[in-house]
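These are the structures in question, set out in turn.
Next come two complexes built around subunit A: one with subunit B, the other with subunit C.
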Partner chain A sequence: MIEAAGQPVEGLDVADATNPIKQFEIHPVFNFDLNGIDLSFTNSSYFMVLSAVLVTGLLWMAMGRAALVPGRAQSVAEMLYEFVAGMIRSTTGNEGLRFFPLVFTLFTFILMGNMLGMFPYFPAPGFHGFTFTSHIIVTFALAMIVILTVMGFGIYKHGLKFFSFLFPAGVPWPLYVLLTPIELISFISRPITLGVRLFANMLAGHILLKVFAGFVVMLGAAGGGLAIAGILPFAMAVALTSLEFLVAFLQAYVFAVLTCIYLNDALHPGH
Partner chain B sequence: MPKPPSEDDTDFERRLNAKLAARRAEDAKRNASPNGWALGMRYGTEFAAGVLVGAALGYGADRLFGWSPFGILAGVLLGFAAGTLNVVRAAAEVNAGQSGESSDKPQ
Partner chain C sequence: MTAPEQHGHTAEHAAHAAQSAFPPFDPTYFASQLFWLAITFAVLYLLLSKWVLPRIGSAIEERRDRIADDLDAAASMKSQADEAVRNYEQALAEARTKAHGLAAEAKAQVDAKITEETAEVDAKLDAQASDAEARIQEAKDKALAEVDAIAAETAIAISAQLTQLDVAEADAQKAVAKAKQGA
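And now, the complex of A and B:
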């Protein structure tokens, strides 16, 4: 490996190219320091801004010439609207539609983030793709937005009655010693399940994809008959890519559906 | 004039039904495989989060009130119960969603 001058660099490149978790590294794009707090604009921030801009821009363009008989772009935008509205209606009823902006924003933001993460290379700083939903702090923050909205709205709408979920009805009162902590833990675990599920799916999928893609590079570097065997992990990587597109959509959908279910609890407590 | 069902008609019905059944089976398979993965993930995280939150609360109580080790013991047990409750609720939600969706399917 170290005999020729060019070799170590090449070896490093292969190691870099096959490192399955390098894709999750965060690099500052430009540094910003606020009294010792690192608030740098990172590649993660870049993709979040890009996701928000793309969703807004594409919808703007699609609805720019709103026609009675919709064109292609307008149909897609309307389908997206109907999809989210239908989801809210079926889980919370019509009164849940006041949360339409929240659910629609979350759904499109996560969906666009997941889909942007499917680009292996991207016109971004460092030229490599990044999936911001594969970082638990991002998904957890999104989950906290949902749960705090649910709690805030529930308390605003129902006052202390919102906390009746801690005391399930139809139970002899001594059991509350046991049931109230259980319900409390169950409630606190909600934002965690919401955040962890999105994060774990995106992380696991991208690592798996990169591991198989890495096998292709390794086998190709080995040369000879092994290079031909590289077709097998390549086929796997192709199959996994399509699966990942499905997961990218499905997880955005699951996040939005669970948001609706939790909002339903705030609208109708005691179910 | 109403024609009695000829050999041709029943043959058509039969072929149509066979095609429809094949199509439905394919659809069901396509719908089932991603749902299975998502479902497993859902139940898994629901349960794990319950236990983790219970353990964290118990550990916090230990640290705050010096109940060690009983805080974390009680916390893990309650967390286990909460995780089970989460899974049962998730299953109920999933079943409710499916019965509304697939009511037209024979079963």
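And now, the complex of A and C:
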């Protein structure tokens, strides 16, 4: 950052411009301490709050008149609604619709977070973009929300029968020695894979983008023929940007679909 | 830049100097991220589930109901129209048969009247004709009877002129009757 005193500003700029890790750094905006635990409001918090505000605000504005014949914004809001509802209906059936607010919140929150992360510069603290879904603690927490909901609802609804997935039906009992640990491992790995998939996709995509963008800066700084060669990584960065928009949507969608599939297990245990 | 911000940056730099960790795995702000994630996610969940989603859902539901209602109304109107067409056709058929009946009745009445009047006129004409014939016959007979007398007188006159004979009227009449028979 600029205010890092004592260092030559120019040298810091080039290092910043080409450092692919810098974009993931978290800076506190307001310090907040609770019993010695650092709960500062950071740029990550800023983007989380902004995502929530934008999701609520945009949907609310789109539904402003709630017209019988919808305008463009209302159509988009209703399409989003029907999209998520259709996703739940097709994977869990109509009884899964009780989790509609949860899946909708997860989908829109992650989607908005991923999309806000696509801004290289943003009216935010430090004026740079940030993707809160590129931090494993966030994605893992989101995955835990899903898994705890699945487990909590499954046990509440079906009691111990919920754990029947550990003992697949129609299998001779000695095989349980082998099958039960496998089922258990696959169950435990769900929150990990769910969280890591989103985290790794966002992290890798943003590093890749920054690496190619960094090449442009470095080649431009070299000057002459190399500066012209900088067109190549620039074209690559443009192409990758469109790919990252796809990934941003796709990972939110994958997260929501997997949430539905796991919820289906809670609704209908024992496959 | 505000003071707490600067303080934050220096604190962060210190943390980086100490650990120089890869930011996503740096646990310095794990608690902060979890804390703010919990707050924002919970608030977003509440706002969406209590406020925004019911509004979108009710708008969609309202439209679906309205369309279903409109379709129902259209179907009932169509059945009403069909019924009206059926009624109209039935009324038309009835009117047609009634008209046919009336026409036939009127024709029969007119025919009967025509026949009646024709018969009346015919009878009148017949009566007049027979009356006339009778009168003609009478006149003829009268004329014929007079012809005999005239013939007899003429015969008398002729014979008186030609022969100076004075023929008796009875004889002349006898001769005329004889001539008539011969003729």
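Worth a mention:
Keep in mind that, in the parts below, the second predicted complex is superposed on the first by the 262 of 271 C-alpha atoms of A that agree within 3 Å, B and C clash if a C-alpha of one lies under 4 Å from a C-alpha of the other, contacts with A are read in each partner's own complex, and residues count from 1 in each chain.
The definition used in the following text is that contacts are C-beta pairs under 8 Å (C-beta built on N, C-alpha and C of every residue); 3 or more make two chains touch, one makes a residue touch a chain.
Keep in mind it's a predicted model, so treat the numbers as computed, not measured.
In the superposition on chain A, A:Ile185 contacts subunit B only, with no contact to subunit C.
Residue contacts after overlaying the shared chain place A:Asn201 against subunit B, while subunit C stays out of touching range. In the overlay built on the shared chain, the residue A:Ala256 is in contact with neither subunit B nor subunit C.
With both structures placed on the common chain, the touch criterion links A:Ile110 to neither subunit B nor subunit C. Contact comparison for subunit A: of subunit B and subunit C, C touches the greater number of residues. In the superposed model, A:Leu240 lies in contact with neither subunit B nor subunit C. Of the two partner chains, subunit B is the only one that A:Thr193 touches; subunit C does not reach it. Within the superposed three-chain model, A:Ile145 lies in touch with subunit C and out of touch with subunit B [touch as defined at top]. Contacts of A:Thr42 after superposition: subunit C is touched, whereas subunit B is not reached. Within subunit A, no residue touches subunit B in one complex and subunit C in the other.
Every residue of subunit B that touches subunit A in the complex is listed here, in rising order: 34, 37-38, 41-42, 45-46, 48-50, 52-54, 57, 78-79, 81-83, 85-86, 89, 93, 100. Subunit C meets subunit A in the complex at residues 1, 4-9, 11-13, 16, 22-26, 28-38, 40-41, 43-45, 47-49, 51-53, 55-60, 62-63, 66. Across the interface of their complex, subunit B is touched by residues 90, 178, 181-183, 185-186, 188-190, 192-193, 196-197, 200-201, 246-247, 250-251, 254, 261 of subunit A.
Against subunit C, in their complex, subunit A makes its touches with residues 1, 3-4, 21, 24-32, 37-42, 44-45, 48-49, 51-52, 55-56, 59-60, 63, 66-68, 70, 74, 77-78, 81-82, 100-102, 104-105, 108-109, 125, 132, 134-138, 141-142, 145, 199, 203.
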